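For reference, chains read A, B and C in written order, and residue numbers begin at 1 within each chain.
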Amino acid sequence: MRLWWEVARRSFHRHSTYRAATFAGVFTNTVFGFILASIMLAVFEERRDIGGFDAVDAVTFTWVAQGFLAAVGAFGGHLPLADRIKTGEVVVDLYRPADLMLFELAGDIGRAAFQVLIRATVPLAVGGLFFHLRLPSSASTWLLFIASLTIGLVVSFAIRFLVTLTTFWFLDYRAPSQMSTVVTMFLSGFLMPVVFFPDWLETTARALPFVTFVQLPIEVLMGKHTGADLVAVFAAQGAWAVVLLAVSRWALSLATRRVVIQGG
Amino acid sequence: MNHRPDPAPGADPVLELDAVSKEFIVYRKTGRLRRKRTTVRAVDNISLAVGSGELVGYIGPNGAGKSTTIKMLTGILMPSAGRVSVAGVDPQRHRLELARRIGVVFGQRTQLWWDLPLRDSFELLRHVYRVPAQRHAENLERFVDLLDMQPFLDTPVRQLSLGQRMRGDICAALLHDPVILYLDEPTIGLDVVSKARVREFLTTINRDRGVTIMLTTHDLADVERLCTRLVVIDHGRVIRDGTVAAIKEAFGGYRTVVVDLERPGPPLAVPGARVVDTDGPRQWLRFDRRTTTAAAVINSVVAQASVLDLSIEDPDIEDVVTRIYTSPPTR
Amino acid sequence: MADSLGGNAVASPRELAHIYRKLAGARIRADWQYRGPFIGYTLTQGLITFLDFVQIAVIFNQVDQLAGWSVAEVAFLYGASSIAFHVGDAFISQCERAPQRVKSGEFDLLLIRPVPTLFHLCADDFAFRRFGKLIQSVVVFATALVVLDIDWSVAKVGMLVVMLISGTAIFAAVWVTTSAVAMWMIDATEIMNSFTYGSSFAAQYPLPVMAKWLRHFLTFVVPAAFVSYFPALFILDKPDPFGTPAWIRFAGPAVAVVLMLVARTTWSAAIRHYRSTGS
């Protein structure tokens, strides 16, 4: 347990040193936040309500999504581990007594923690200055949001981990990674809240794991789920987390065996 | 003792540095937020003239300013002060013209196309440099022959060994008949055979085609076997400039007699010579060429001890250069 | 000591075009070696750009118009700006890699070759797969043209062609300028990129959608509004809610020329800076 804490803490610290990248990310998120929020407002000029969202909801959703984009891994893609697999350095990682998957997960959580601190707060603050946002005042709602986000992060990690593992089979991870980015950004609700989708598409999206780390947590934040409904959301997130981690574990063992057979 | 070989009468130097300096502004962190701005003089008032057909070794300790100088000569960097003239062109103002007249080989980086067969790189460079097809073909054929590259002309560059790649890079740099060839650590990491091949090729090119060559190196065998002239720089200044022979004579005025005695014994006392090392029955006696001779030293040794074997060693270039680096500079 | 190669020291445009073909061809051949990833990448690029338009389609699934623009009209804006952007992406976006090359030291290689640095940079990293993105843009644009009942005239057709050309030039200039600045301040690379990609995203939507300061930014700073919006006002006979003078709709080429001059100056300055500081 101590080990995972250390790994997470180290990762947090490492990401805190990427000052230029962090600032650039905040800037980009803010710019896109402005453009998207403007589009949202224009859309809601035409209609009062879309799928239970009103204009303020949509704008709030946009800014929260932009703020938490990086932290929660809504960019999809792959983990830095992929490069180590490509060069073969991963063999060193596999020799470690610590489990590789948990190791990477701990690192990812450390990264997310840092990015929540800086990259989430600034765009939200800027967005709040220029737009009317509806953020909850009760601490319990925020805590539920954080909890939901954390479980969602695990799901997001598992997906990125699986994409990363494809490098063991196809050395060039670019295509799977790009596919993952596109699919994730779309189906998680990041590009557009899934309530905008036509019914059949929205139902499909909600049946997939991607919504667990963007759409669902933000809906929780906006108080869209209460009571039994809320429990159902957490249950769905939890279930996806467990299933995908199990699949990741299995895929990792497949990959490890492959490495061993090929002589490392 | 700067026996700089004068360029042929009436001929302009092919490369000239006139009171050239290069300063960099460096920011150093002092504490958490503050930065201190300092100026580093990588090249300090260097004046140098190289005549056509010379083969110059440009050596110095790490950080002496070698690569900075080469960068100014190739047009990559602009001097802070002074005048640079290469092949009749000012690198600062006429980069494109200069590029056609020089060839550059970076020791650590290749300029070949990584994923394509070696042959393709040569062909592409023909187009980039706009070399007449006939001339390019002739050059290529000659270089391939001299460097023995036929066996791997169709191999992708990423699959070549370091020695093969270096040969490819040198060939690539010469296909457009440059007036000057610069090489930055060309033999680094090469095996003995490849090194010899590269040196032989450079000597041939220099001799047959009159290509002026300037190379930086840490391998002093390169200097010994290749260079006619040696320029030593340190801390951005030229501290020695002359023919290799002259420098060796100035700094390597000693010789060493290595004696294997029958039995280990105390250091021999020989007039004009000094025992610099012992190892069991073996002793190294160093003497100054100007004060005594090998014969005199040997006679003295044989007279006082029972000798099994002996040999004479001349100073090697490494000792010479070390002495240069550590001796006070002349101006 | 003239060079012995004959011909002019500086390559003529025709010679440069020839060299470009050779270098780009080499890149294509090199990429083709890795056939699997090459094809896979091309396909995913196609899918990505497909999803690009889906965002707009989803919006119009919920509403009939956006700031007074119908879906076909927005598709027109999207198609035109997207074509301009992707042509720029295919030929000039390679300059984005300049800061990276500066950092790794590979930039020096460009400086010892007898061709302009920007030219060499773009030819070297030519990516054929980027043309795949164009297909979707063209399809959307063509469909929009068919669906919209445009009252065509010679002037409008001319405007259409000019719009696409100057739009491409504007994006190309933005790319070069932001990359040049990024060469100067390498840490600012991603911020520079967000100007390029952000403005292209904004150009997909009608300008009135944006807040006032953003409208001004997209008109006077990074003039993405001239890529598709202003020309569209003329071609589609749409009124401008802000009452801008009519001649603005024709200002695209002038804006493009000015921007290209700015790009050229900035790039030269960036190279000069690199050559005097080595970083």
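Definition applied: a contact is a pair of C-beta atoms (placed from the backbone, for glycine too) under 8 Å apart; a residue touches a chain by one contact, two chains touch by 3 or more.
Computed from a predicted structure; not experimentally measured.
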Of all other chains, the one whose Cα centre sits farthest from subunit A: B
Most centrally placed chain - per-chain CA mean versus overall CA mean: C
Between subunit B and subunit A, distance of the C-alpha-averaged centres to the nearest whole Å: 55
Separation of subunit A from subunit C, taking each centre as the mean of its C-alpha atoms, in whole Å: 30
Mean-CA-position distance for subunit C and subunit B (Å): 47
Interface residues, subunit A side, partner subunit C - complex: 19-21, 23-25, 27-28, 31-32, 34-35, 38-39, 41-43, 45-47, 50, 130, 170, 172, 174-175, 178-179, 181-182, 186, 191-192, 196-198
Contact set on subunit B toward subunit C in their complex: 12, 14, 24-25, 68, 71, 74-78, 80, 87-88, 92, 94-97, 99-102, 104, 106, 109, 111, 113-116, 120, 124, 127-132, 135, 156, 176-177, 179
Touching residues on subunit C, where the partner in the complex is subunit A: 34, 36-37, 40-41, 43-45, 47-48, 51, 54-55, 58-59, 61-67, 187-191, 193-194, 198, 201-202, 205, 208-211, 214
Subunit B contact footprint on subunit C (complex, rising order): 1-7, 9-11, 15, 18-19, 22-23, 26, 29-31, 33, 105-106, 108-109, 111-116, 272, 275-278
